[in-house]
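What follows is a set of structures for review.
First subunit A sits with subunit B, and in the next complex the same chain sits with subunit C.
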Partner chain A sequence: MGEDSESPKINHSFLRDYVTEADVISTVEFNQTGDLLATGDRGGRVVIFQREPEDKGGREELGDAGEYNVYSTFQSHEPDFDYLKSLEIEEKINKIRWLPQQNAAHFLLSTNDKTIKLWKVSERDRRPEGYNLKDEEGRLKDISTVTSLQVPVLKPADLMVEVRPRRVFANGHTYHVNSISVNSDGETYLSADDLRINMWHLAITDRSFNIVDIKPANMEDLTEVITASEFHPKHCHLFVYSSSKGTLRLCDMRASALCDKHSKIFEEPEDPGNRSFFSEIISSVSDVKFSHSGRYLLTRDYLTTKVWDLNMEKGPIETYQVHDYLRSKLCSLYENDCIFDKFECVWNSTDSVIMTGTYNSFFRMFDREAGRGVTLEAWRESSKPRAVLRTRRVYTGGRRRRGDVGVDSLDFTKKILHMAWHPAENIIAIATTNNLYIFQDRVHPENQ
Partner chain B sequence: MSACTLVSVSTVLGCHSCFRVDMFSKGTKRKFSDDGGEMSDESLGGANVSSSYNLQRQSLLDMSLIKLQLCHMLVEPNLCRSVLIANTVRQIQEEMTHDGSWQAVTEAFCNGSQSPSERLVATEVLCRSREQDAEPKLFSVISYEGCREEEVVADETLCSVSVSDAASNVCLSESVGHCWETGELRVVESDEETSEGSRLGPGDDDDDDEDDEDEDEVDEEEESSREDSKSMGQVFGTFEIKNGSSGPDSALEELFSDVDASYYDLDTMLTGIQSAPKMGPYDLLDSLAPSHGPPSLGSPSNCRSDLNELDHIMEIIVGS
Partner chain C sequence: MEYKVEAHRIMSISLGKIYNSRVQRGGIKLHKNLLVSLVLRSARQVYLSDYYAGVCLNAQHIEAKEWELMDADREKLIPASEAAQPSSADCGVSEAAQPGQTRTTGGAQLCLKRHVGAEDGRASRLQEKDGDSLDPSDVAVTSPVSPAISETQCGSSDCETDADAAVTEGDSRQPPKDHACSHRKRSAEETGVSETPVKRTKVTPNAIVANNEIEEGEEMDTSNVSNLITIFGSGFSGLLSKDSAKSESETDDSDSGSGQICCEQMLKNLNPWTTAIVAF
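And then the complex of A and B:
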């Protein structure tokens, strides 16, 4: 949609920038095989993309092989109203998590601020034909016209994707749900809000177990909230939750029913030299993810992303600066509320690369082995389909190269908060405000 | 929120590169003309080189308090954000009481400074984008309706406070729009009426006596931390009320047991989270009467206790 030289000088920029509030993507998630990609938006809708099967005939450079196309769209949550508090409950989808596939159907959990729903996504590509009492359109036949009996047979039909709600897990949370995580046992999952974490059984909707409760007796004493939580990928009794004070707590459900006492607490001691009034705010962890191996934790706070070893509580083993040039701008970012933005972070399939978003439609990838990071851009003006992504740079001093962006030119409304990495291949899904970008590494499609 | 431009905001706040680490350590930068230690800067007469730091810190405090008060009451506010802002406010106040900066702030008001307008500017920037969002959703049913002065004064709960309190009552109502303009006009008038030292109470009188000053500081510390927790309590107290788990045992609940649901909403609006887009905290300060009575939480009226709570917040700022 760039401005062609032929077209008259009509300023289309207002159209370009106009974003329907409801279309803003609020979560992105691949399923366990990576064939399906689900996105949730602020309007409560879920869009599922399916990967086209790759053509084994070596025609990958043409056509849609390996690309994601829309598979199904449905309305997951509707706006609701809490009559007791006289407040609206947003229908924005905060998180989507897929269940491991057990049969032909796919299941996913989606949640807004208050209610979690289990959806069944199934395909129907056959339909029965040859009824005795009904005709092809389903109308009842006149019995007198029936002269012989036939057995109905299943005949191929157009593919139809059906999405149906199978469970609704309501009334479990007083505060806003920020995370859901499916347990490796395949039967339970956790949901976390600002002050509590509940564990549910997938088949039971009228009950949940409260496993963490950090609500103080006196709300005046509240100084810390839960920001994210996740089950361990292999150990069904372990889960981690992060807080607004920058701590991570690993809890073992075998220890007690209520896991208010952590088994391990991961905290980096504060650097007294860097202390400011914003220290606490920028230390608040916005996302926490276990590595695929289960050995490491990846966290994101406002300025950095850190890798922690579960065996070492006293500090992270790696720290990556995402956008350190913002450190001197914290006051302004506090004023315009950008300092409260919650960025997500993801691992690649082999836990060798980590990725997170930043402003100006940029996102950062860090190679853990090399210890280096690159900045990439998700912006349609500069990336045509199938073009190679070029690295970007924010100019912070020294020699200025062509294409560098100055810190004051950064667009803070274009933030990349949500992203996902394919579980097996080098395919990433990046959500900008209302666009979804899917990038594939054609050179190294799978990790070595 | 409109597209963010960082540069202009920095200018408004008076700091070029905002809160760098070195700007927090005292006595490093920005030496004012040190002609015998006499301050030429009109805003902080008597303060020393750390005045720029104090000014920035004060701006941050104001900004934080406004952020806590400005709320989208259509949807439940983000608890994490509120907690982080409240912690920031606590931190600033602790630091301010530790180095006795309350004194400096008090003196600032002595001189009828331009700092209130500076804060107004910061408020303006903040509130410009918020104005459209502040919704008169929960319409006032007590006689704040229409925000007319006569009605406000006529309200029996407010009879005991002087006329200049009317402006603060205007602020307490949720109705935005023309009401705020009325409020602002009132503030201007009361500014002229009220003398500068009127609000400052005991701290001012004991300026000369050093011993008393120390006592005051200690008192202020205690009081500010107490009131601080009270005001923090108001922020989270609202969440508590909203989440209704304490049920009929809550004291506030009892106050409203004979009141219908619309009053319930009004209460949660009034306690601590109020829309005050155009009025900075110092405007409120100027309009409050000096003879405002001691807090009486036993009062049956919620608007009276609101005034008290607002008063507490103001006292924290001014330290009197």
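And then the complex of A and C:
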């Protein structure tokens, strides 16, 4: 249980290379109740976890109740090939979004670079028995052996989870789809690629409405692309999209059919003192999320995460430095492509805490009320199941404490890009390269 | 000087990234290539500003004459300025590096930037086909590449010569800007060159960018270098053909072959990168 990180590194450095590309988790999402957690990976697979029902007896702290176990696994997307452009289409799942539950079945949308699919996840725990014309195995009976008629009845059987594709929304996008977002109206959803945003009806697959198009007439005039987009959680006519220039645009679909003209634009003037070759890259917004209240926006760019008030366009109301010690290392990060990493950010259920990932298997949580941040680690060796997470620190100067990690010893291959926060409780799902960590706050399981 | 080395290195890395993106699975990522091209542009501006700062010391008297021509053409640059706005801040950085040359290099920089938007179109326009359905394929392939190409084109066209050639160009919008800028660059470049200044200056930024590719070529096979040319494809041929059309204003045909020969001749007089460039 050494505090130093040397020995675990020696043991596991070779294991790191054994991660297969297909197993890398590319998206994590809770459903609206938090009972189901879906992850997508680069191999096009979706794994759904279900929370075990909590024990009413009160032994929750020690038992397995409240933990997530695998519920279903299915292959959502396959590698595809665009013959016209001679381009391979990756099967990597870019985003998963759950639909609000309307009946016993669960629905989720999953997307790769080009195609969005609607999947129905349903349980079957009974099966009919007592057919007249078929026997137990389903083989046709010889009619001469049938002497009496019986009515088939449903008998309990082992639980089976069936996942079926119900809709395939194809050919809607020329560029790579980066976001999907289900509308609060429960009928439509949007999908955004680099230059366009389309709105679909969940029941109609052969048409979509284009609601934003920022493709310039001449591609040489291209200066920015769309990086993320989301519907407002309460107002079905509002959505926001972020750009590679660091701006956010709020659009109102009531204003016009094509929302190229934004209703509000949120941008922060650039600090001229911080200008470098890479200023444009680090200002590109990688993720945008509405708060649960719908009043605030959370954005993530390479070095910071910001909270914006929808009522104030001239700048964010809060800015949190995620890993400012990397500011002097931008050139190396550019060389090893880390500067292009797209980190996600999430709100907690009461919008009082925000969370985002960083390198070295660290993730950061910021308490908005206290204005303070904490660094935590998602690494198997550092935390045994049910052990309390220790806070970590990156040493950037001053007094060095035991357990601090130096900036130069950060492992940039271990990055936490994808994460999710339970919609009601203090349960978080953190995806490292190919592992999923689920942390629960047993002390304060629910926010007051 | 460290700026120059750093900028040069970043340019090489950026070009390498653009090259590698062609063979990546899943097709070219527009966002990443746009960002890489922005970095390439910034690095190039710093690199060239350093270069011109050094050369400017000998050419200030010629610049004064060129300013008049610049002002006349400045109005034509305005439509392109929107496209180049993001890089206007770069001016501050590069200008700061040469305080003694603010007037000349600043103007040169401004020129260069306003250009970029106009020039970006050059390469991709050569390849763009009609119809939106095909556009994305071109765009996906060329747009990440064309901003990179445009740097080279911009630089070379900057060093372009004649205002007369502007008239001969079919494209009415682009050349006036090009040449307005080009006068500035050319004047900056004229430092006791026996050969036609036009061709010499035209070649130099070409050499700079070409050198980047050649540096990568040294790590890869020359076949890869020629692949790089193929990738930048019509961008380069457009570059060369445009150069030849403008440098030899008497001949109106855009012949990439003659442009190449032009390049080589001038390069031999220039610098140690000669043998590398001849491989093109």
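Keep this in mind: the second predicted complex is superposed on the first by the 432 of 448 C-alpha atoms of A that agree within 3 Å, B and C clash if a C-alpha of one lies under 4 Å from a C-alpha of the other, contacts with A are read in each partner's own complex, and residues count from 1 in each chain.
The definition used in the following text is that a residue touches a chain if its C-beta (ideal position, glycine included) is under 8 Å from a C-beta of that chain, and two chains touch if they have at least 3 such contacts.
Keep in mind it's a predicted model, so treat the numbers as computed, not measured.
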Fit or clash between subunit C and subunit B when superposed on subunit A: clash
Touching partner for A:A104 - first (subunit B), second (subunit C), both, neither: neither
Contacts of A:A217 with subunit B and subunit C, given as first, second, both or neither: neither
Partner chain(s) touched by A:C338 [first = subunit B, second = subunit C, both, neither]: first
Partner chain in contact with A:V153 - subunit B first, subunit C second, else both or neither: neither
A:P272 touches, of subunit B and subunit C: first, second, both or neither? second
First, second, both or neither for A:E280, with subunit B first and subunit C second: both
Touched partner set for A:F412, first subunit B, second subunit C, both or neither: first
Subunit B and subunit C contact sites that coincide on subunit A, given as residue numbers: 82, 84-85, 87-90, 113, 174-176, 194-195, 218-220, 222-225, 227, 244, 275, 277-278, 280-281, 284, 331, 334-335, 337, 340
Interfacial residue positions of subunit A with respect to subunit B in the complex: 82, 84-90, 113, 174-176, 194-195, 218-220, 222-225, 227, 244, 273-278, 280-281, 284, 328-338, 340, 408, 411-413
Residues of subunit A that touch subunit C when the two form their complex: 82, 84-85, 87-90, 92, 113, 174-176, 178, 194-195, 218-225, 227, 244-245, 270, 272, 275, 277-281, 284, 331, 334-335, 337, 340
Interface residues, subunit C side, partner subunit A - complex: 6-7, 10, 13, 17, 25-27, 29-32, 34-35, 38-39, 42-43, 46, 83, 86, 89-90, 92-93, 117, 119-125, 128, 135-140, 142-143, 146-147, 150
Complex contacts: residues of subunit B adjacent to subunit A: 1, 3-4, 6-7, 9-10, 13, 15, 17-21, 24, 56-57, 60, 63, 67, 73-76, 78-81, 83-84, 86-88, 91-92, 125-126, 138, 229-230, 232-233, 236-237, 239-240, 242-245, 261, 265, 268
